[in-house]
Amino acid sequence: MIQFDNISFRYAHDIEVFRDLRLGIEAGEQILIVGPSGAGKSTFLKLLNGIVRPDSGDVMVGGLSTRKHPTSRLAAEVSVTFQNPAHQIFASTVLQEAEFAPKSLQRKNPRERAQEALRLFKLNEQAKSHPYDLSLAHRKLLTLASAVAADTPALAFDEPSVNLSRPEQLILLEAFEVLKKSGKTILIVSHDLELFLPICTRVLILDDGKATFFDAPEALVRNQNPLRHSGVRLPLVHRLRPYCGLSPIPHPGA
Amino acid sequence: MRFDVGEKLSLTLFLLLLSIVLPWHLNGVLFLLLVLFRYAFRPFRPVSDASRRRSSALASYLTIVVLLMTIVNGLLIKEGTLWPLPGGFTMSSEGVTFGLRTGMRLLVIAMSLLLFFGSTPIPRLAQFLQSVGWPVQMVMTLLLTLHFIDTVPDRVSLIFTAQEARGAPVRANILARTKAFFLILSPLLLSGIVESIDRSMALELRGFHGGAKLSFRGDETSRGRMTMVSMLFLILSILCIVWIILRWLLQ
Amino acid sequence: MAPSVSIRSLHYQYFDGAPFALKDLSVHIASGSCTALLGPSGAGKTTLLQILSGIIGAQFTTGKASGSVLIGDDEFRPIPQKVLFPSVGYLMQDASVQLSGIKETVEEELAFALDNMGIDGYERRERVSQALSRLDLGRLANRRPHQLSGGELQRTALASILVARPSLLVLDEPVNALDSLGQQRMVNVLRSLKSSTTVLFADSGIEFALAVADTFLVMQGGSILFSGTRNQFLNSLDSFYDLLPVNQWSELVRKWGKTTVHPRVAGLLPL
Amino acid sequence: MLQTRPTSGSFFILMTKTVREQFQLEIEGAGLPFVAFCIALNLSAGQLAAALKLPIYLDSVGTVLVAVLCGPWSAISAGVISNVLASAFGNPAMVFFAPVTAVIGGFTGFIASHGWFRRWYIVPLGGILQGALAAIASAPIAAYLFSGVMLAGTDVLVLYFRSVGNTLLQSVFFQGLSSDPVDKTITYILVFLLCRNLPIRLLQRFRGGNNLPHNKAMDRSYAL
């Protein structure tokens, strides 16, 4: 579904971000991407839809090469949502905002897709409100709903849980369960391991240009060196559970 | 001789008006004098290498444009003595002097503004304006503008990336690109309004009501006093204005 | 002396006809305490903090309020109508917006509040250097504010308020953008303020609160759902299941209660 | 109907108060940082238009926004500071066109406070009027100080008008008439679209909040 073939990339002021990165992500997987800030997590997302082109190697998304195809075409394969809702909310009603992606990708009946996505994130009552009449947490959910409305096979989110309080986290987890069942490939860049470890199929650690770990979350608990080396600590809760006779990572819906 | 902001400001005003009064060849001499000022005279040396790069790039760009203007005007305008050129074109003396007059004036204007802004960081200018009686809110606005000038362009590119990733037609036909223009300006304005509301609360929460004056780093030079030098330049500026009006009336 | 805060049946709407941001809210916050105001987004945490700082009374001229607010011995019926700076300090959620944005160094940023209070000369330098050392910003004193990291910005914003020596300090989600090191530093700062300043901070998580607060309030829909000590809060974690991120903690505490706990666990659990 | 703070009133009442008081009145609430933001917007609108390869320059979007949301006098100061900083950062001639932006800010603030931005069909009329006013104001400056040469594509138009026998002032004025109304109308329409449905929660923090239409249905759905 998504293939990175020995990608090397460096920004203008010569900090090397990636060096011969090579990995594959199957359709229907949920990948949690962690690593120290500045390790290129956001750049990784920008490589997915050609906003950033690699210096060498190629990224294939849904069989399309990001070198040959424009971002507008790749946006139909993978919908990338960035961290700050204020950088994308433009419309004067919640529904118009959610309708934007399906409309610009020429999907059939975009309004229904938008309403469906808003229902998934419990925003359907506020469909006619102005996005800035909602709380910041609900505006964040709106950006997630706008991406889901585009109905792309793959979805990539940069820090989807930031600004969300507990009720919105539960809505997010519920929505991701539904997306998982409908076979979507989901990539999540986040530092909130406590929230996403239970629901991801594999964890990718990006640390100074390389993928130092790419395996199931249980394997992460057994071998915590790559995590510790990347400066990210396993949440206190997961480290304590074994002492109380519990599995390190609770199964979803715990 | 320490030039403080007030003196440099009145000198710049005088130079701008002088460029309108002088004929083109004296303007040319004045331009060369100003270039010499920039390198020889300490208070006028550019403060940061960014302003140095900017001013030398602009100076060379303008010199080329002046030459271009002179030639184009010479060719197009038909008054005055016409010197035949190969290929049936005529170069009119009236056109050439017209091009040179405008070009030299533009060079002097550009150079005097570059001298002032290149060697005076905006905070020093704000400090001077406050000491000569500008309302504190206006001074705060000028300083806050500097902050937004640093942050707005980055936010524009972040919004550009976020909207393009969602399928915004940033590279399609002109109609679609105009729609994309709105798709980028709308989040920029909304985030600007929200930031303005938060910033106004933050200022009030730390006791800012436009009552007390703002303090600046190292309150040394500009006391806002009207020195002899700045008085001299202001008088000269008024003379220039009178000259311009008289010449316009008698024309 | 650090003031106590008591609020009696406070109602607040942002304008006539708007939904109630605060509904019949009554609470007492002890003097010198460090109180955590927990609750989901939209529960009214920020509204309550902004009312205590007086900014809502000053800037939201169309708001409708009833009830009474008592801060120390100043009584406000119903809410303060002007900013209570410098006696009440308010740290906003986004530290980069809290800084004035017009100052060229961190040290000048700290002095901004003192300019507005008309304090200068020796006392100004002394207060600034004290605030710098308290938040260990000493080596950043001459740095330009926009070169600072998230955590450093947060500490600079807090220092720029502490120079005014507020007796009541309210903070809106002080740690949700900080990494674990930044959170630990903020814990130390708030602990150093105990008993000399009454501290009230809003948070949508619980780990930071468990580490530093001695009184716990949980808000929902504009009113107080729970008020009590740390142990009372820990024992009723299950009742906040879908309000606060307690899920894995509550399961852990329930199990911990029943099994004999390994000594290392006792050390790790923030009890 | 929701009553925000009294609007900045008609232009003539403004004359009585000193400019300083009027400026302080207009930037009450969230006005002060917003004026600074809009000045930066004026300076970077051109960069965005270039990034999208659009032929428009729109360097007065910020000034019009301040005129609509704050008032005429703060729009005048926003326009003047924008021009001074523009000449500092690269285009030296702009400082001489500060009076033109003052006219733009003042006129827009005047018509905004009379509700011209409440209905979509009045906005283009305002744009055309504004464009004509800007052309009248900039013609003498461009003609006498710069002899019609502005280092921009439109210089060709001036030369054309001159070659068909108009005086310098006439040709600069005709060039202004051909481009300013279009540019100003686009700016006005853009500002109208940007501010069309701003929520009460944001509008009420600005002096000119009443100058804009706001959607009644929005009021009920309000939730912080």
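Chains: A, B, C and D, in written order; residue numbering restarts at 1 for each.
The criterion applied here is as follows: a contact is a pair of C-beta atoms (placed from the backbone, for glycine too) under 8 Å apart; a residue touches a chain by one contact, two chains touch by 3 or more.
These numbers come from a predicted model, not from an experiment.
By count of C-beta pairs in contact, B-D exceeds the other of the chain pairs A-C and B-D. Taking the mean of each chain's C-alpha atoms, the chain whose centre lies closest to the overall C-alpha mean is D. Per-chain Cα centroids separate chain A from chain C by 31 Å. Per-chain CA centroids place chain B at a distance of 19 Å from chain D. Between the CA-based centres of chain A and chain D the separation comes to 41 Å, rounded to the whole angstrom. Once the centre of each chain is set as its mean CA position, chain B and chain C turn out to be 45 Å apart. Residue positions of chain D touching 2 or more other chains, listed in rising order: 29, 198, 201-202, 205, 222-224. Across the assembly, chain C contributes 42, 59 as residues in contact with two or more other chains. Contacts with at least two other chains are made by residues 132, 135 of chain A. In terms of which chains touch, the assembly is arranged so that all chains touch all other chains. Every residue of chain B that touches chain A in the complex is listed here, in rising order: 155, 158-159, 161-169, 171-172, 182-183, 186-187, 190-191, 194. By the touch criterion given at the top, residues 2-5, 29, 200-201, 204-205, 219-220, 222-224 of chain D touch chain C in their complex. On the side of chain D, the complex with chain B involves touching residues 20, 23-24, 27, 29-41, 43-45, 47-49, 51-54, 61, 65, 77, 81, 85, 87-90, 92-93, 95-96, 144-147, 149, 151, 159, 162-163, 190, 193-195, 198, 202, 205.
Those residues of chain B that touch chain D in the shared complex are 16, 20, 54, 58, 62, 65, 69, 72-73, 76-77, 98, 101-102, 105-106, 109-110, 113-114, 117, 122, 135, 137-138, 140-142, 144-145, 147-149, 151-153, 156-157, 160, 170, 174, 177-178, 180-182, 184-186, 188-190, 192-197, 199-200, 203, 210, 248. Partner chain D is touched in their complex by these residues of chain A: 92-93, 126, 128-130, 132-135.
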